[in-house]
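Got some structures for you, see below.
Look at the two complexes coming up: chain A is in both, with chain B in one and chain C in the other.
Our next item is the complex of A and B:
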C-alpha cells in the first residue's frame, strides 16, 4: 500500500516534470500545482532542523507580550514532519512541550506535556484554525507545507522582493481550515514565499504574512529570519523571529516520542 | 597581565571538551493564596473565616554530557496562617536522568502521572497525595524511585523499583476542609512488617495506535490510600491511617476522534481486606472558535463507578461529573472552568469554578470557588458541607 502510494507519487511528479514540454496545454490549476510540487521538491532533503523562535505579540494599543519557543523537526518522506516544541516564555508555561506528527492527508497526531502535573495529554488536532499561544499565527500557519493540503490556481507573474514571483491561489482541502483561500507570492528562482494573504471563511481579507531576511542553509534550504503577520480585522500583529538555525544535527525517530516530550525542556 | 590571564582562561574554557560543559538554569514560582469561607465552621478549632497561605517552589536544573545526563532539584515550602499541618516542606523532585538511544534511567525523588480522565484519577498510583495542599487530590509528594524506561516499536515499557513509602499528609485540627475526627499521622501503622520501608514494584506499558492512546500496568506494594482506625492518644480520639499491601492492575484508554476525546480508566485492587473493580469514564467535546471568535468551549462528562457501592471509601463510587471549560486563546491565556459532581447514592453535590489569567510576563491570577452540599452523615463530603470557600491565588514566576 505504501509502495503503491510512493510509486503513484513519483508518477505524479514525473507527469508534472514533463508538463512544461506541453506548456500550451497547461491550465492555471495545473500550473499552480506544478509550482507547489517544485517548491516542495526544491527544499527536500533537509533531514532534521533545530531553531529558536521568538514571538512578539502586539495588540491595537501597541502593548507587547513575548513568547519564546525552541523547535526540533524531522523530515518524513512522503508525509508531514514530526516536531517537538518547548515553551520557555511566558514563564508560567515554561517547560510545556508539544509533540506533533503531522500528516499530509488526515488528522495530525498531537500531544501536550504539562510539567506541573507531569502529565502527557493527547489533544485533538481539529483546532487548526485556532491561535497559537494567543498570537496571530494559527496552528495551520505554522505547520509544514505539504502539496496535498491545498488545491491550486496560478494567477499571474508579478515583481516582488525576491525578483519575479509566481502568484498562486491556494484552496485548503481540510474542511476545518480557517480560510477559504490563500494567495501566495513565491519567487521563480528559489520558490521562497515572500508574502501570503489569508481570506477568512466569509472570503474577506483577514491577515497578511510577509517573509524577511532569508538565509541559505546547507546549500539549498532557504529560511527567513523574520515573519510578520498582520491581522487587518483586529489590528493586532505578531513578529516571529527565528535564530540559531541548524540542519542535519543527527535527530532521528527516537527523538520524537512521549519520553522525549516529557524531558524536552 | 590581568587581561592576558583572562585571555588564557577564556582559551582554556573554549578548549575544554564538550562533555565538560554543564548547563545550569534556575526558575520557579512563589504564590500567595487567600481563602474566604462563606459559612461558619462545623468543628472545633475552625473558628475563622479567612486564611492566608504562601508557597515557594524553585527549580534548579543541570545538564551535562551534551544533554545525556540531567539533574532536577525542586524543593517546596508552604507556610499557612492557621493549620500547622499545612505548613510543610517537601522535595517535589530530586532526580537524575540518564538518556540512552532507546532507553532512559530516571533515579531519585520524582512525580509520575498515569491516566486520562479529569475528575478522578483512579489509575494514578505511584505518588502519594499531598492532601493538605487541597481537597481535590491533585497535589502529590515526590516518590523515591528507580525507573527504567524502554522505547520499543510496540510501545513504551516502564519498570519501577520504589524503595520506601511516603505517608499521606492530612489537614490538622486547626485546618478547614477536613474530616470531623482529626487524622493523626503519628499513629500510622502498616500491614507489612517492613512498614514504610517496603520495596514496591510496578511495570507499565503504554502505546499509541492511530487514534487510540492506551496503557496497562501492574503495581505491587503499599496502598497509597489508607484505611482508618479509631485510636486514642492522650485522651483524644483520632483517625489513625493504616496502610495495607495491594496488588493493582489498571488500564487506561483515550480515543481522540475529531473534536471528541473518549476516556476510560479502570482498576482492580486486591488487598487483604477487599478485592474490587472501579472505573471512571466519559468524554470531552470541544466547540472550536465559538461565535466566530478565537475562543474554544469544551464540554466534559464523566461517570465514576466502584463495585463496593456505598461501602467504598472513594469519592466517586456512583457519581456523575459535568464540566465546561472556556479557553479564550487570547494573549493573557484567559481560562474558565466549571464542574459539578452529583453523588447518586448520597444525593450530595459539589460545584467548582476556576478562572485564571496572566498579567504581564510573570504574574498569574486565579479565582476559584468551591461549594459543597451534603445531607447524609455517612457521606464522605458531609464533614466539608460548611466549608464553601472562595480562593484567590497570585502567582509570581521567576
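Our next item is the complex of A and C:
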C-alpha cells in the first residue's frame, strides 16, 4: 500500500516535471506570437470607435500642459486601422486634423489639415518615433497594434493587476522604430495590456506605460480610461485620459479620406 | 603634562609605534570610500545662483552634457560617399553610448522640403550606401547653408564635421557614469580610426572635460607625489646629513598622508581636482615639524648630550613653536571654508586635519622612532653658522638702505596686483598636453568654441512662443547675436519656423520669413514635431506648454570678463528691444565666469578672519600688541606682492588663485613667529639692543627658516608642474609667496624692527615669567 502510494506520488512528480517539457514543444518565440495573434483576435470586430482624449504633459520642473483630441477609428481587416484625430487644445492648433492609415507592414500614410493654411499636407516621413504633440507618447505608441509589427518571445507568467499575465517581449520589425524592444504584460483572461516597458536603441529602459480603469464595451472590447507614460531618462510624464467611448457608430471608409479631413471639426 | 607624555613616548617607543600603526591602518581603511567625482558641477555650491539657474533650465528643457566627435578627413572633404558612410555609421553607433538621449550629425539632420502638398522630413543622408559623387554638391550646399548646421556641426569649407552626442547622466552613481561613457566613446574612436585610417577623430565636449578633471589630477598625483618624495629625501639627506632622521621623517609623512586621506574617506569626503592635491600639500607641510625637531636634537647631541636627553630637550624646546605654527597653518587652510567652491573647502579641511595629524605624529611617533634608530653625530662645523652671522652683519649694516629700498620694491610690486584680470576658462584649466585641450582648441579653430550661453525666454502664457511678436523678438535676437564678433553659432526656433514657412509655400525662398499669424506657426510646428524621429524632437528648445523657448548661442572661447560682458549685453538687448519677456541666461561657462569673482569676494572675508585670528594668536604668543601689529606687515605683504608678480607671469586670476592668500597666510606666518620670538627673547631676556637682537635671531633660526622655506618652495613648485592649471597656478603662486615671505622676513623685517624698536625701553615685561624661562633655554639651543 505504502509502496503503491509512493509510486503514485512519484508518478505525479514525474508528470509535473514533464509538463513544462511538453509545453516547450512550442518555443518561447512561437508562444509569444500565439499570444499576440490571440490578443488581436479577441478584440476583433469592434468595427469603428469614437472617443475623446485628454493629455496632461509634465516636465521635471513640474510644469504642465494640456492637449484635447477627438479620435475616430475604423477597423480594417488584415491591415492597420484608419484613424482621424481632431485637435481642440492647445487653442492655436484648434481644428487641425490628422488622418492616418496605419499599415501592418511598411510606412504608414499620414495627412495633416492645417486650418489656417486651409491646406491638407501629406507628411512624407518614415519617422514615427518622435513625440506626439510634445508628449511622452510617440505616434508609434498610439497607432493600432498589428501582429506583423513585431516579432515575439514569451518570457514568463507573472501576477499582475489583471490577474495572471503573460509577459512577452516584442521586437519592432520597422528599423525606424525608436525602440529595440518592448516588454508587455497581458492578462491571460482578456489579453488586456497592463504594462509596457520600452527600451531605447541602446537597450536601456526608456519609458513605462501603465493602463488603468478598464471598461468593457459591446460585451468584449476592453478599453482603459487612463494610460500613464513615464520617461525614466528625462523625468517627464504624460497622462492620457479617454472618455465617451462609443462603438459601431456607423463610420465607413468615406469618413476617412483627404476630403473628410478638411471638413472634420 | 607635556613632559609626562614625552617621557612615556621615550620609555615605551614600541607601544607608541604600535598604537600609531593601529590608528593609521584603521583610518587607511576609509580610503576605499575616497572616490573621484569627475563632474564640473562639484565646483559649485548648491546655493550658487548660476548653478541653480542652470539646473532649473535643464529641468525645463533637457540636459545638455555632450560628447563631440570631431571628424576631419585627411583629404579635407567631408562630402565624399566614403566619409559620409563613415559618419552615418558613427551616428548610428552613437545611440549605443550609455545614457545618450540624442545624436546630431550632418547625416541624420532632419532636412525638410516640399513637393506640391507633400511635406518631406528626412535624414539629410538617408542611406549612405546609395549616395554617389553626383549627390555631393547638393548635400554640401544644403549643409553649409543651414543655420542650424553651419559652425555647429560643419565648418564653412566643409572640411571638418562633428557628431554630437547628448547624454543625460542619471547622477545616481556620479563616480562611475562618466568613465562608463568615456570608455565607450574611446572604444568607438579606436574602431572608427581602425576602419577609416584616413579620417582623424578628436574628442571634446563637457563629458570629456569632466573626465579630464579626474584623469589629469590622478595622473598628476601618480607623477608628482613620487617626485615630491624624492625632493624631500634628497633635500633632507643633503641639508641635514642624516639617514635615520630622513627615514623617520618619510614614515611620518607617509603616515600623515595615509591617515589624512583615510579619515577623509571615513567622513564622507570625495576627491576633486583641487582636493586631490592634499597629499602633496600635507607632504610639504609635514616635513617642517620634523626638521625643527631634528635640528635641535642634533645640535644637542653635537654638544655632547646623550640621545635620549637630546630628544627630550628638543621636544620641550620645539613643542610650543611647532604647535603654534601648526595651528596658524591650519587656520590659514580652514579659511578656505569661506570659499564659494566646495572642492576648495574640502582641500582646506583635509590639509588642516593633515597638518594637525603631522604635529601629533611629530611629537609622538617621531621621537619614538628616533629613540630606536641608530643616530650618529659628526663633529660640529660652524661654517653655516658663520654664513648666517655674516648675513646678519650685512642686514644690520645696510639697514638704512634696506628699509626704504625694500619698501619701495614692495610697494612697486604690490601696485600691479589690481592689474590682474579675472578669468576662469575651464578649457584653459588644462594645459596643451591634455588631449581634451588639444581637441577643443582644434574645434575652436575649425568649427566653434566650447563656450555656450543658453537663453531661456519666458512669455508667461501657454503656447506663447507662437505669438508673432515673440517670434519676431527671437528672430531679432538671433540676428543680433549673429552680428556680435564673438559669436560662432546661434541655435534658434526662429530659423526652424522660417524654414517651415518656406516649405509650406512650395519651398519659395521669398517665404523664408516669420509667419505673421499665431495659429499658422503653431500648426507648422505641430506638423513638424509629428514628423521628427526619436531623440531629435524640439523638447530641447521648447518647454512643455510652449510658453518659453531656449536659444543657444555658441561663442569662441572667451575669458570670464568677456563672457560676463556679453551676458550683460544680452540682458540689455532685452531691456531695449523685448522688455516684456522674462529672460534667464545660464550655462556651465557662465557658472565658471562668475565663480572667480564670487570666490574672491568670499575669500576676502575668509582671509580677513584668518588674519585676525592669526594676529591674535601671534600677539598672545609674543605677549605684545606692538609686535603683533608689526608682524602684520611681513604677514600681509608677501601675498600682495605675490599677486603683483603674478601680473608679470600670467596676469589672469581665477578660482584657484583666489584661495592662495588665505592658504599661504598660515604658512608664512611661521617665519615671522620664529624670527620675532627669537628677536624678542634677545631683547627681553638678554637685554640686547635691537641690532644685537637681530643678529641673535638670524644666528638662531636663520638656517632652520631657509631650510623649511626651501622644502616648502620645492613642494609647491612640484605642484606647479601639474597639467591641471588650476592646481599648477595655485602651486606656483604659493611657492612665490612663500619665497617672498622669507625675503621680507630676512631683509625688511629686521630693518623695520631696528627702526621702530628704539633702545629707550630696556626690557620691562620680561624675565618674571617662568614659562618664558623654559622657552629661553630652548631658543639658545635651536641655533
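Going forward, the second predicted complex is superposed on the first by the 240 of 265 C-alpha atoms of A that agree within 3 Å, B and C clash if a C-alpha of one lies under 4 Å from a C-alpha of the other, contacts with A are read in each partner's own complex, and residues count from 1 in each chain.
The rule we apply is simple: a contact is a pair of C-beta atoms (placed from the backbone, for glycine too) under 8 Å apart; a residue touches a chain by one contact, two chains touch by 3 or more.
All values derive from a computational prediction rather than experimental measurement.
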Simultaneous placement of chain C and chain B on chain A, clash or fit: clash
Touching partner for A:215 - first (chain B), second (chain C), both, neither: neither
Partner chain in contact with A:107 - chain B first, chain C second, else both or neither: first
Which of chain B and chain C A:189 touches, first, second, both or neither: neither
Partner chain(s) touched by A:235 [first = chain B, second = chain C, both, neither]: second
Touched partner set for A:254, first chain B, second chain C, both or neither: first
Partner with the higher number of touched chain A residues, chain C or chain B: C
Partner chain(s) touched by A:263 [first = chain B, second = chain C, both, neither]: first
Which superposed partner A:65 touches (first chain B, second chain C, both, neither): both
Which superposed partner A:87 touches (first chain B, second chain C, both, neither): second
Which of chain B and chain C A:57 touches, first, second, both or neither: both
Superposed model, chain B segment overlapping chain C, candidates 19-27, 289-297 or 307-315: 289-297
Where chain A meets both chain C and chain B, residue numbers: 57, 59, 65-66, 90-94, 117, 119-127, 129-131, 134, 176, 178
Chain C residues touching chain A - in the complex, by the definition given at the top: 56, 59-60, 62, 95-101, 110, 114, 117-122, 168, 170, 462-463, 466, 504, 517-520, 522-524, 526-527, 529-539, 542-546
Chain A residues within the chain C interface of the complex: 57-61, 63-66, 87, 90-94, 96, 98, 110, 112, 114-117, 119-134, 138-139, 176, 178, 200-202, 204, 233-236
Complex contacts: residues of chain A adjacent to chain B: 57, 59, 65-66, 89-94, 107, 109, 117-127, 129-131, 134-135, 176, 178, 254, 257-259, 263, 265
Residues on chain B engaged by chain A in the complex (per definition of touch): 27, 29, 61, 70, 97, 99, 101-102, 104, 111-113, 116, 138, 149, 151, 156, 206, 208, 211, 213, 254, 256, 258-261, 286, 288-289, 294, 296, 329-333, 358, 361-362, 364, 395, 397-398
